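Report on the following structure.
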Amino acid sequence: MTGPLLQVRDLTLSLPDRSRAPLFGRPPLVDIVNGISLDLAVGQSLGIVGESGSGKTSLGRCLVRLYPPTSGTIRFGGTDITDASEAVMRPIRKDLQMIFQDPQSSLNPRRTVGQIVAQPVLALSVETDRRAALKRADAALDRAGLGHAFAARYPHELSGGQRQRVGIARAIATEPRLIVADEIVSGLDVSTQAQILALLNDLKQDMGLSLIFISHDLSVVRVLADQVMVMLGGRVVEEGAASAVFDHPRHAYTRELIDAVPLPVIDPEWLNAEQAGGGTKMAEIKGQTVLVTGTSRGIGKVFVDQLLAAGAAKVYAATRSGGGSHADNRVVPVKLDITSATDIAAAARDCADVTVLVNNAGINHNSKLLATDQAGAAAAEMETNYLGTLNMCRAFAPVITDNGGGAIVNMASILARVNLPLMGSLCASKAAVYSMTQGIRAELASQGVAVFAVLPGAVDTDMTKDFPPPKAAPADIVAEVLAGMQAGEADIYPGDMAKGVSGGLAADRPGVIAEMAGYV
Amino acid sequence: MNRSMLLRRLLQAIPTLFGVSVVVFVLVRVVPGNPIAMMLPPGATAADMERLRVAYGLDGSIVEQYVIWLGQALTGAFGTSISLRQDVLELVLGRLPATLELALFATVLAVTIGVLATMLGSLYRGRWPETLIDTINGFTLAVPDFIWALALILLFGVVLPILPISGRINPRLGTEFLTGFYLLEALLTGRFTVLGDLLRHIIMPSIALALPLAAIITRVLKNSLAEAMVQDYVMIARVKGFSRWRIIWQEALRNAAIPALTLTGVQFTFLVGGTVLVEKIFSYPGIGNMAIDAVTNRDLPLIQGLILCFAVIFITVNLLVDLSYALLNPRLRS
Amino acid sequence: MTTALLNWRILVGGGIVALLALIALFAPLLAPVDPLEQDLFLELLPPWWQADADPTRALGADSLGRDVLSRLIHAARPALIVAVVAGTLTMLLGTALGLMAGYMGGVVDTLISRMVDIWTSFPAVLLAIMLVALIGTGLHSVIIAIVLIDWTRFCRVVRAETLAQAEMEYIDAAVTGGLRRGAILFREVLPNILPLVIVLLTLEMSIAIIVEAVLSFVGLSVSSDSPTWGGMIAEGRQVIHQAWWVMAFPMGLILIAVLALNLLGDGLKTALDPVLRR
Amino acid sequence: MSLILDIAGLRVSLRRGGHLVRDVSLQVATGQVHGLVGESGAGKTMIAKAVLGILPDAVRVSTGSIGFKGTDLLSLSPRRFRALLGREIAMIPQDPLTGLNPSRRIVAQMTDTLRHHLGQSRGEARGNALRLLQEVQIRDPEKVLDRYPHELSGGMRQRVLIAMAFATEPSLIIADEPTTALDVTVQKQILRLIRQMQERHGTAVLFVTHDLGVVAKICHQVTVLHTGQVVEQGSIDHVMSNAAAPFTRALMAATPRYDQPADALHPVPEAVHQTLRDAARTFDGRNP
């Protein structure tokens, strides 16, 4: 036979949510597992990690057909077992076994260990003779490191680790090709856990077993898995070779998970370190409802187009004057002057489905700080750039939280980090935006709202026509922002200039400033 | 768990009521004998009978008959009692207050005894008073109200004759009552001699009914209290430096009361069922006593009226228990 | 310590039950006189320890002058027959329905659960009296009435326990181990429920004894001349002020039988639990 | 830095014979987090319960002393001991789901120590509870106060429990596996919060856990236990970098790490366990 031992395509499991059952009719369905695909070759082992509620256990149970999948396909050894009846499944089960989570409840208290291990051997007709089956059970018990002397005992006479060995013996007794092991070491002490992991590793090698190892504990998964799949909310967020995923995680959530594991190493920074991106993760733009301010021109306009291209469900395109139209009917024009409290309140009310807020609107007046303040330029910059953005965040943070979380993107500028002559008050307002963004990130960290600060260098728009080159194209800047959001970069420095400055900030501050000043 | 769940529970009572009515209908119809015959006075002619058959739709199919019967039952038209020659509904409603009074009195007694025994047992946990309470409780749990009633009569009616062994009130007092709730009325109108006599009559039957229920309350409440006492939040309360009494009262009892209440509700229906026999034994003029007489006299109209009455009480009590469960449990309230 | 305790309960409870069974079995041999023999000269004769007692009538005589002891012994027969037969049949019916409801779920469960709801909406005693009144008196009727009414007790408990067992992972292990549904129900679930059912059976037997007594008390059990404990109580109730013993002895016997069965049940509960057993 | 908790020669025994904790001594000073590490049955929870005076009925302290700010807790009358509990000594439990009473509002559970021990009025105590909830970074604390526990997430409940423990500004907090039941990402937040609160209030913490990783991140001092005996004691640096006891070293080698491949994992050799079990037996032989 060629091809993978187990092939899963678009597997979805939906279960009725009884807590939200209406008075009449059926309760609504919730997707517990959503569009999972995987291939597992002979002898390979796959680790599935995720936190509680990620759907990893349900997925495992679907794979051994304890739960019937709602849609998708499962092929095992070339046979489609998605909708196979128990009669069809029975000969397959000999090759497809499971080790269960709770060694207490997975062993029938009224049967001896020998009977428990011999049960699948008999029922799956590996042996038809009772005596032969019990003999095979003894061998499996020996192999599981328990010794066949335990065959006559009852489960309640065993310790937790011993019970889990019985579970392993039962699973290997039919000499299967694939074992699904669900959280099998979570309740055990470290020294017992290490023994069980070592045992599984040996069995894997000796028997040429394929293994699907489900756990919430990344370190445990690392011990056994060649391949790793990280799950969140029923979906896969990242998958790949174990070494690649653990050493170079690509997805922000994976990084967050890894960073949260306390290694037995002293690291005084660990506790205080921002959580990977401090809650800044934005799985995807697809399906989000986004409000972008300042969309009449420049970066704002580009944001709208790229968000649509990235699959946003709806984009509120806010302009100071309102109106405007767009070819795409997902775009909803909004009148919103961010210096107007009534406008903001109205927007928060009308756009109650927003999950992502992009605070792009801003102004700049080039003026010397100590010279006469032309038409209150300093105050106006502060009012729009800082207070406007802050008030938008205030108004929309509860909206986004109520919608189950999302993101806020505040457009600051690299000027927040480096001051330029002639632009002192603009720099001050951008620095205020940047500091404020750091502040609300901490406040929103636990509420599923990712907060990003964007610090671009000079962008080639009509607002910066006075700036000397090099200026980055708006489309590149926005593309980098969207990529940065999905990669979980809390502070996004789009464009070479910004990166250069941020990279230089740490190293050679005076040099950078000199270089920057050269631009002006 | 939410309001719609409660509403669903309310709606569930409808099919149950429907099922109850079907069972009663079938019971009455399968009786050997003619249902028309029991509606007519003795000496009616065959023609009278045929007229009634048509009038009551008894010549139609069984489903038609059921629909007609249900319509009558819903309007309270259960016909005339054969043995007592009075309207069934009037008879039942006339006797119902006596039974309700007895059942409620017994329930209050049972809850009081049960809670007291529980508190006492929990206070002296692991010492001899707890063992004593457990032993007595084990005994009480096994003995049915029927035996208690007879034992009480033997004890306080014969060996130590201090209480009347039958009836609800001494007829020689000659008091008139406006309602059927004698006890309540006597209390409200301040007729204390009458009240005393009523209490002397009600005490034995209500104790007989209360003891098995009290035993069950004690066991469930004590178990759930013991369960609550090992929860983390109780440990925290101990670590907060509170006294044992305060912990039992403030932390544990309320959570322990929830399972106890559910069970008390179910058992209360048993208590109501128990009135049938206890009323008979004490010749107490309630619907239970009446029901046994109706059965012995094969008074079918009266039987169906009484049985439906009991069923309605049972279903109502179960609903009330579910509602009060929701009141006690914040998970259901929000 | 636990072992000693459980032995004590099973020994005492079981011993008394066995003794009662023997008495019932050998009633004609044990009874000193014919239980139906009336002797008006002995009317309301007091038991042996009182003055003017008759040594041949150890427990006195009733209002018709029949020997109380002999009647008690003979009355053990209907009581124990009802206990064993009605108890067992109730157990079989209720357990089967409870297993079906709990394990099959869906429509079957809804149907059976609703039936239990309807059944428990009637006062059991009244229903029993009515049933017997409708189908006629006699031991058969008593047994039928008990089975038809009390199956819900087993059904409810077995259903709940089946549901609890179905949650256990060993059921999933049996599925992945290739066991068929029927095999899982009978080979995995049932053995775990059985101890509970056996304990309930002892309880049901004591209830059956009480129901039989209640029915004969109301005059609806076996024909009125053959002795029953309930019938004797009813007769005693009539002469309670003159001869309390006529009622007290059958009451005491019922009490002893009921307590013994409960004690046996308690003992079995611990003895049959593999975790508590050790 | 003054000594808050001074446990000396503590021996906890079953009433029917046999020891669970075998002559353990340890000290916790102001502002220090002292980790008590071991596997199940090592006696760590028994030590915590002995300090809190909530040992199970079948278990008692047979010898030794538990010094708290200079007084031996074991010598106090129950009444005086209760006056200390909840005011000077508090605890954070393992399971946030059962640590809060399901039928009482958060405000009632948070204010009862303030009112009972500090005699605060209802309004005053509510104000303090509100401030505490803000301190543990609960959003919308005003609303949360009037909620029931089941309306909060697991992480929020653990925050409430932490706020509750710090309410009366105790000198000592016993944390019994406070993050074991939580997801890793929540665990990190909670650990950080405990550390922040503990530093801000200068509280001494006895931190019971089975997880060496958690110990490495939050503790200043560590005591490693096995069969009720101290196998290693010292500063976190010492224990993590050059542990002397074979058991500590074996435990480190047996802890899986995502940053190391599978072959770096070595189960604890049975001989290591056996040596310590033998030592326990010898101890029992000398002290029946």
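Read from first to last, the chains carry the letters A, B, C and D; within each, the first residue is number 1.
One rule holds for everything that comes next: a contact is a pair of C-beta atoms (placed from the backbone, for glycine too) under 8 Å apart; a residue touches a chain by one contact, two chains touch by 3 or more.
A quick note: this is a predicted structure, and the numbers were derived from the prediction, not measured.
Asker: Chains in contact with chain C and with chain D: which ones?
Answerer: Touching chain C as well as chain D, we find A, B.
Asker: Please flag the chain sitting at the greatest distance from chain C, going by CA centroids.
Answerer: A
Asker: By C-alpha centroid distance to the whole-protein centroid, which chain wins?
Answerer: Of all chains shown, the one whose C-alpha centroid lies nearest the global centroid is D.
Asker: In angstrom, rounded to a whole number, how far apart do the mean CA points of chain B and chain C lie?
Answerer: Spacing between the chain centres: roughly 23 Å.
Asker: How many angstrom lie between the centres of chain A and chain D, each centre taken as the mean Cα position?
Answerer: 32
Asker: Provide the C-alpha centroid distance between chain A and chain C, rounded to the nearest whole angstrom.
Answerer: Taking the average C-alpha coordinate of chain A and of chain C, the gap between them is 62 Å.
Asker: Where the CA atoms of chain A average out and where those of chain B average out, how many Å apart are those spots?
Answerer: Between these chains, centre-to-centre, one finds 58 Å.
Asker: Do you know which chain B residues sit against two or more other chains?
Answerer: none
Asker: Taking each residue of chain C in turn, which ones touch at least two of the other chains?
Answerer: None at all.
Asker: Can you list the residues of chain D that touch 2 or more other chains?
Answerer: none
Asker: List the residues on chain A that touch chain D in their complex, please.
Answerer: Within the complex, chain A touches chain D at residues 51-52, 189-191, 193-195, 197-198, 201, 216-224, 243, 246-247, 256-267, 270-272, 275, 401, 446-447.
Asker: In the complex formed with chain A, which residues of chain D make contact?
Answerer: 39-40, 137, 139, 155, 183-185, 187-189, 191-192, 195, 210-218, 236-237, 240-241, 250-252, 254-262, 265-268, 273
Asker: Note which residues of chain C are touching chain A in the complex, please.
Answerer: Its residues touching chain A are 167-170, 172-181, 183, 188, 191-192, 274-275, 278.
Asker: Taking the complex as given, what residues does chain B use to touch chain C?
Answerer: Against chain C, the touching part of chain B is residues 12, 15-16, 19-20, 23, 27, 30-31, 138-139, 141-144, 146-147, 150-151, 153-154, 157-159, 165, 269-270, 272-277, 280-281, 288, 291-292, 295-296, 298, 303, 306-307, 310-311, 314-315.
Asker: Per the contact definition, I'd like the list of chain D residues that touch chain B in the complex.
Answerer: 52, 54, 57, 82-87, 89-91, 93-95, 98-104, 109, 112-113, 116-117, 148, 150-151, 161, 164, 174
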